[in-house]
Amino acid sequence: MIEVPKIYELYQIWPVMILIVTIALILGSSLSVERKMWKYFLTAIAAVGLSFAICTAGRLMPVALAIKLSRPQELLFGKSIIFDQLFLFMVIFLCVFLFGVIILSAVLWSRSSWEWPVFLCSLVGSLIGMIFLCSTRHLLFFAIAFELASMPSYVLVGFRRFNTKSAEGSAKYVIFGAVCSAIMLYGISLLYGLSGSFDFSTISFALAAGGVGVTKIVALVCLLVGIAFKISLVPMHFWCPDAFEAAGADVAGWLSVASKSAALIALARFVQILHLSGTAEFNHSLMLTFTVLAILTMTVANLSAYWQTSVKRLMAYSSIAHAGYMVCGIAVLGDVMGVAAIVSYVVVYMLMNLGAFAVVGLVERETGSDDLKSFAGLGSRNPYLSALMIIFLFSLVGIPPFAGFAVKWIMLSVLWQHNLSILVVAILANTLFSMFYYMKIARAIYFEDATLPAVKFPVLASVVLTICAAGLIVLFIGWGAMNTYSNNLITAVLG
Amino acid sequence: MIETILFYIFAMIMVVSGLAILVSTNIVRMAYWLIGMLLAVAGIYFLLGAYFLGVVQIIVYVGGVAVLVVFGVMLTSRQLASQLLPRAWEVVWLICVTGIFLAGLVRMILKGPWAGNVKQSPQTVAEIGRSLLGNFIGPFELASVLLLVVLLGAAYLARPRVPTLGIKK
Amino acid sequence: MMNSTWLLTWIIFLPLIGMGVLLVVPKKIIRETALTFTLATFILSLLMIPHFQGSSLQISGKDYQDGFKLVNVVPWIHSSGFNIDYRVGVDGIGFPLVLLTTLICFLSCLASWNISKGIRGYFILFLLLETGMIGVFTALDFFLFYVFWELTLLPMYFLIGIWGGPRKEYAAIKFFLYTLLGSVLMLIAMLWLYFASNYNGEHTFSFIHLSMPGVLPSYASHQTMWIVCFALLYVGFAVKIPVFPFHTWLPDAHVEAPTPISMILAGLLLKMGGYGLLRVSYPVLPHAGAAHVVAWVLGILGVINIIYGALCAMAQTDFKKLVAYSSISHMGFVLLGIGLLTEAGFQGAMFQMIAHGITSAAMFFLVGVIYDRVHHRDITRLGGLAGQMPIYTGLSIVGFFAGMGLPGLAGFIGEIYVLLGSWQAVVLGPMGARVLTVISASGMILTAGYILWAIQRVYLGPPKPEYANTPDITLREICVMAPMAVLSIALGVLPWQTVFTFANGTLVHVLKLLPSG
Amino acid sequence: MIGLTHYLVLSAILMVLGLAIIISKRNAIAILIGVEFILNAANLNFIAFSRHGIGGISGQTAGIFVIVLAAAEAAVALAIFLNFYHQISSIDIDRGNQLKG
Amino acid sequence: MNIAYALIIAFLLPLLGFGILVFFGRRIGEPRAGYLAAGLIIASAIIASGSAVSWISRGQENRIPVSISVPWIYVGSQPVELGVRVDSLTVVMFTMVTIVSSCIFVYSIGYMHGDKRFPRFFTYLSLFGFSMLGLVLANSLLGLFIFWELVGICSYFLIGFWFEKDSASNAAKKAFIVNRIGDFLFFVGIAIMLGMTGGVNLEGVFAKVREGVFAGHGSLLTFAGICLFFGAVGKSAQFPLHVWLPDAMEGPTPVSALIHAATMVAAGVYLVGRIFPVFTPTALLFIAHIGVITLFGSALIAIVMTDIKRVLAYSTVSQLGYMILALGVGGWVAGLFHLITHACFKALLFLGSGSVIHGCHGEQDIRKMGKLHGKMPITSITFLIATLAIAGFPFLSGFYSKDAMLASMLAFTWTHGSHWILFILPSLAAAITAFYMMRVYLLTFHTTAKDEHIYHHAHESPKVMWIPLALLAALTIGIGWFGAMPERKAMGGGVYTYEGGRGLVGLIAEAQPRWAVSWQMAENLKSEKGEVSHQVFHTWATIVASSAMAMGIIFAFLVYSLKLISAQRMAERFWPIYNLLVNKFYMDELYRATFVAGVLKLAAMGKWIDKNILDRIADGSARWVVRWAFFSGLTLDNRGVDGAVNGAASLALAGGNFARKGQTGRVRNYVLAMATVVAIVVLVAGFVVR
């Protein structure tokens, strides 16, 4: 039986439509606007488009609520898109983040040539991919969204042309990504074979029947390979340091948060569905899997990070480690609190990572290198920037009074309530490990003598960074509200 | 019967081309073996009654992707092939991994509770079209965005380097 | 008169306001501004005194939970299973420590006058540190306590790391590592206790509620939880105290930190550990604290601290390191006093914290004074300063003898209380406590040994020509030192009026929470 | 008689061959060829399942999408390799060793 | 009651002096600082004397001990009070201390003339006066302990007064630390007492002890007593803690006179007297033996010392040993009586020696003096008086007190025959005392002048110095007269009453405890020998003491005045003994080799442990990890340990270095690693899970 999409479905994905139109507008106006005006004009278009998308998503929130009340779950476009509050939330979250990233890019790079529209289109394109990535349970749609999120990322990493690192990083990234997505597709095909459907709830019911079997495990593992690649869980994390070091700081920041958060939410949705139909034994092994993955991820990343001298690479390991912390929330099966903790975590993580990468970018712009040496004496080269960086770093370590602590605390308490004390211990031990390399940056900033020139701090960037830092403090003081919000959100969506 | 023979022929072609690519050191030959493999896959599609897909496979894959690969090969073929051999430990490890992998997969395939095993009659192109614009409208539309963005990016990256051509580091 | 409900909040956050002000004031008046704010905080904290006047029942309340004054509760986070309040208050334990904090901060701000590098950052961090410390001593909500606890970490790290000596980085990171290790373990205990607690059907972080019987699951059925939580908390606090073998950060941090920061570090930061034991470990987990194994461990570690610290001090040639090790030795008395669960021991530990807060700050300041003048701290190269700097030497004698535990000076009372208390301890059986007491009392000899030896090598002996033109202590330095010297004497002569009258009732209440009564 | 299993085993062989190619080849384009193997293996699965009464027509539809994805991927990958080649002057992916550790 | 307040005022006056001098001393300057301090101490001496007169004139039945306490602190819930106790002993001691102090303060004005830290000297002296008086007045163990430490610290300051001299600062340090060892045990004793009796007030403690709180605690009471006694051992320089006192002579001579002869060192004896009731017979026996060892050993050493002050110092140690022994054998009155008389004549001796040193411009070696009698007659005469007094010449104060002590020793040996040594050695030592004191006197003031230079420049001291000498000489002569021991009547249960005492010794005897553990316990044992009249012992003691004294003096004359026996030859013939004595039985060396070196070694060890073990524990584990990594075929470069802080850190870092080696930079290896993991999962799933 074939279902024909209805016209209101178009209305419900209106934010995404706006984004697609934004791409079109960017391309179109790049043809008609003078080249030297591109940077301002196209950025403005992107900004307006993102703002519109954010507003529309906000306006749609009540609709999502109403639909939630009347129908169990709203699936659009042939059951491919889940329309719910989480979808809208992720739209808003990712758009806001991209807004910051674009501002940062505009500040960092003097792109007046024709790469700017391509850059913007790639960013917005990957944004669309990520939005759909985390709001579907249709595996084929998921695969395409996955590729839509990935492929522009490959391009973005390689965007610094005439830069050997960038070329190398993007090549590695694309190979690793292609392999992972191919394996994932293979897994999807197996799942399809097991159930005859692409719909994950149908699949999970099919999987539930007849107990655990090797085929089911292999199929799920292959699917997980893809998702873990996006989240960068060990051992699918290898791309992350190389790609981040290769990419510009803005792109690295974008990838570190956006693709991880989207894939995490997608994983959360899948695991939620799996868990609902799974047997106790199956759920237990699922929990075990994610526990092991989380511990492995955070430990390997934190241990590897210390020796890095490239700050972007270091931050890449940091982002892997944080992915490890976040995936702990998945290990809490059957309780939406875990996912809610992830949502809170993602929001805060966005603030601190955007900030940290922005600082890296500003330093890199000035010195031409993101090496730790170029941070030496930043404290005297730009006190304000350094102070902000310290806030971001301490927040990343997870020390109060910054929101990084609050979200870690939420995560820990959720884990504790589910008797996952092993994860609690792992997170805390890793917090200790992580302190070393974050402090390495802090040390370079404050304890070493400045030899390089002062770092300029454009107004626009300072506004973004200040908002990030203030956000970290405000979200710490008001983390209760944040927690409540994400709890309500996730309870409404998954509960 | 004829199906069996054809199947084995195609399968043979696939495996042989795969192995040939594995042992080959010449990238141009690899590209041709790839075309062979793709054609064999198309043949299997025909065997499976997926005629439309077989055609698509030939047109898009053999005609598009493989040609793209060949272009790529030609654009980058200044490298001496013999330098590009893997390290010995990699090969050993590789054989172990792939052996395990294959064994596991075969076992899995044999055990798997597949959702059906009854041969159906071939589907028509019309059905595919209807499904493409019906149930699969979401992936279909998204794929269009994907292609747009990807081609844009690919075009950007593949554009020849502008001023510094010829200066090697 | 300010509304007393908010008084503590003002005290806590006034330095933070000062920090904001420092961001904008012109560079030349930064020092003055910072000093003004620390002084204002000190004066504000003096306003607490009227609340601690009257009969002992008025001061300490009728039981532990009743003893908190100036309590200010603002709901903070009450969502999805969390009950976190901004809950501050002081009782007999916290009140003297808050006063000590504001005073020592003021004095060390005054002692910071010759910091010249990056003074804006320095004083900003300084005030942040003050807020953190006052917060620790006033927070009555475990979460808030933890937040303030960690809040002290960041400024201290940078204060050591930026304004420190030659090995500042090493010292700073070591400090940071150890402290973070401790607080991470504390966090586990915090989680555990919170989710185990049940106060009127809800989990609670409030120290007041947690200390009530029945809020936590009974010791009989959850022995592991009690003991493990106690151990986790203990490590957290032991790092701060610092207890052997977690003490190695201290000599490094103290030696490398600039003088005023050493004063704060020794005078106040170490007290957070002892305070934590008295505020968290024992009231919240009384049965665990009364367990034999715990008492033994704490007692033995206390003794090791005393003897080991003194021995290490004796072997040092760096004057500041000597003082740092003497802190370890002195803080051993705090641990011993608390661990053996006698009233006198508790009193002694409390007093020792206050006294050591003053004397160690004084000693570090004195070392700093000489360092400012001769630019080294090598005891073997010093000597004969008594002739050149008579006033300084006189003040030093007071400071060091107070540290040595001379009767009539501050150090004496705490030590004898602890020793007399531990002699009578019943928790270790008749012989155990006595053996520990005798061993730790022999620390008195070692203490006298290293302090007198140091005094001899630094101040006595023939005057050395290279220090012939060393100027004597300046008026500003006297202003820093004089209050500490006066307090050293006042505490030694009038211990009851200065400390015990506030703390005693509360300490008795804490002891009453313990199962043996 | 050729059944579902035959096709699946064939696809598994393709998959493993692809993996082997990816791991053993240092030429970036050869690696891409390996990826195509895996994608074809997946596709083969889809169509075999579809033929054997699993999921109706959707298997074939999915096959089309996989081909699209493969094409897009090839385009991007080749562009990136070209860029790599221009920068590093080699198609040997192991030559890109600035980023490690 | 009023006397108590008067004494408190007298006790606070030196504190006032200290308070003024510590802040304004330098501005007041020389000599007014001396006048101020001396004036205040004289004032308190006058008050004390007045009080004493009023006390004595009361009649025995009205001389009831007074105890006033103010609450100070609560140790736990046990109140600790600070207070004063006034009884006959207090009054006597107080008066003695103030008078001797007055003499010495005045003397110091002359002696310290021209010293650049003149005001400082009087600051310390005032503080000492205050502390010592506090010690005398204290009515609780804790009070005793506090002032005990304070006098110790004053002693420290004053010994090290000339701190520019390394020997002085060493001696000061040594004095304090050795004292601390005694104090440590003293403190343990206090802790036992507080723990067992719930208080530190002396009367309360005695009452509790009498109630039998120690019953069933084995020999804890004995142990406590010995611990408390060790306070006295330290302060009164008894064996084995006597080593500090001779070194303490590095201080100015008035200090030696006041602190290290007359008052502070006697505080140990005073303490033993004060807490006498708690000593068990075993403890007392221990005390007696410590005393006898001390008195005999130091008397022997004194023979060979050549530094005038050191001779006096060993003589002090010896005399203190007498007192301790006397107390140990139960001669409470005799011991404390000797304390008073000794204070007078020993202060006189020291001041005399100070006068000699002053006159000889700092020379202290008696071998270089001689024939000074003509140059400084007053000093000579007073010195002779004191010498005779200490030797026990009849009708001088020392005669009476030594006689009393020997009598009590004899009485003790009579009942405890196996301890005959407790009488024989003191008798021998009496002769030795007479000998070495005469030796000093003769070598200093008579015989030939060995150093012409010194002789020529020698001169009599100024008036401000010799007037105190005269006053002390008068006291030395007179305070023993008209004394009579009171009758001691047993009331049963170890309780005694005393009636009919006369003179100073009678007064002291009144303060004698009415009950003591040892007496109580002794009563329980049947005395095997019959009761012998006290008078018999006195008679025999007088005979023994006088003949010993005569022997000693005669021998001294033979050796030093008539030169019939050559000291030189004696020394040569008995060289092992001589060496032993000159080196003070090698006690200092022994301590240095054992305790000092041991502690320093321990300290160095602690430092080493801190530096090398605790900091490196996990450094070591890190190294293990590295080694393991090498074995497993992966090279781990160990560069950049700069950031490695320590311990767990380097472990983690090494682990991190290991982990990041996986990131080879070759993407195929990434894929291989990933494929390996997937293959393992497939393997596990396919062949392990069902």
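Chains here go by letter, A, B, C, D and E, matching the order in which they are written, and residues are numbered from 1 within each.
Note that a residue touches a chain if its C-beta (ideal position, glycine included) is under 8 Å from a C-beta of that chain, and two chains touch if they have at least 3 such contacts.
Since we're looking at a predicted model, the values are computed, not measured.
Path length between chain C and chain D in the touching-chain graph (shortest route): 2.
Contacts with chain A and chain C are shared by E. Hopping across touching chains, the smallest step count from chain C to chain E is 1. Chain centroids computed from C-alpha atoms place C closest to the centre of all protein C-alpha atoms shown.
When C-beta pairs in contact are tallied for each pair of chains, B-D comes out on top. Inter-chain spacing, taken between the CA centroids of chain B and chain D, is 5 Å. Chain A and chain B have Cα centroids lying 30 Å from one another.
Centre to centre, using the average C-alpha position, chain D and chain E are separated by 95 Å.
For this pair, chain B with chain E, the centres built from the Cα atoms lie 100 Å apart. The set of chain C residues that touch two or more partner chains comprises 173, 177, 181.
Looking at chain B, one finds that residues 86, 90, 94, 97-98, 101, 104-105, 107-109, 111-112, 114-116, 131, 135-136, 139, 143, 146, 150, 153-157, 161, 169 touch two or more other chains. Counting only residues that touch two or more partner chains, chain D has 8, 15, 18-19, 22-26, 28, 31-32, 34, 43, 48-49, 54-56, 58, 65, 69, 72, 76, 79-81, 83, 86, 93, 96-101. Applying the touch definition to all chain combinations yields A-B, A-C, A-D, A-E, B-D, B-E, C-E, D-E. Chain contact summary for the complex, chain D toward chain E: residues 19, 22-26, 31, 93-94, 96-101.
Contacts from chain E toward chain A in the complex involve residues 640, 643, 645, 648-649, 652-653, 655-660, 662-663, 665, 667-668, 670-671, 673-674, 677-678, 681-682, 685-686, 689-690. The residues of chain D lying in touch with chain B in their complex are 1-10, 12-21, 23-30, 32-34, 36-37, 40, 43-44, 47-58, 60-61, 63-65, 67-72, 74-76, 78-83, 85-86, 89-92.
Considering their complex, residues 337, 340, 379-380, 383, 390, 394, 399-401, 405, 409, 412-413, 416-417, 421, 424-425, 428-429, 431-432, 435-436, 439, 442-443, 446-447, 479-481, 483-484, 487 of chain A touch chain C. Of all residues in chain E, only 660-661, 663-668, 671-672, 675 touch chain D in the complex they form.
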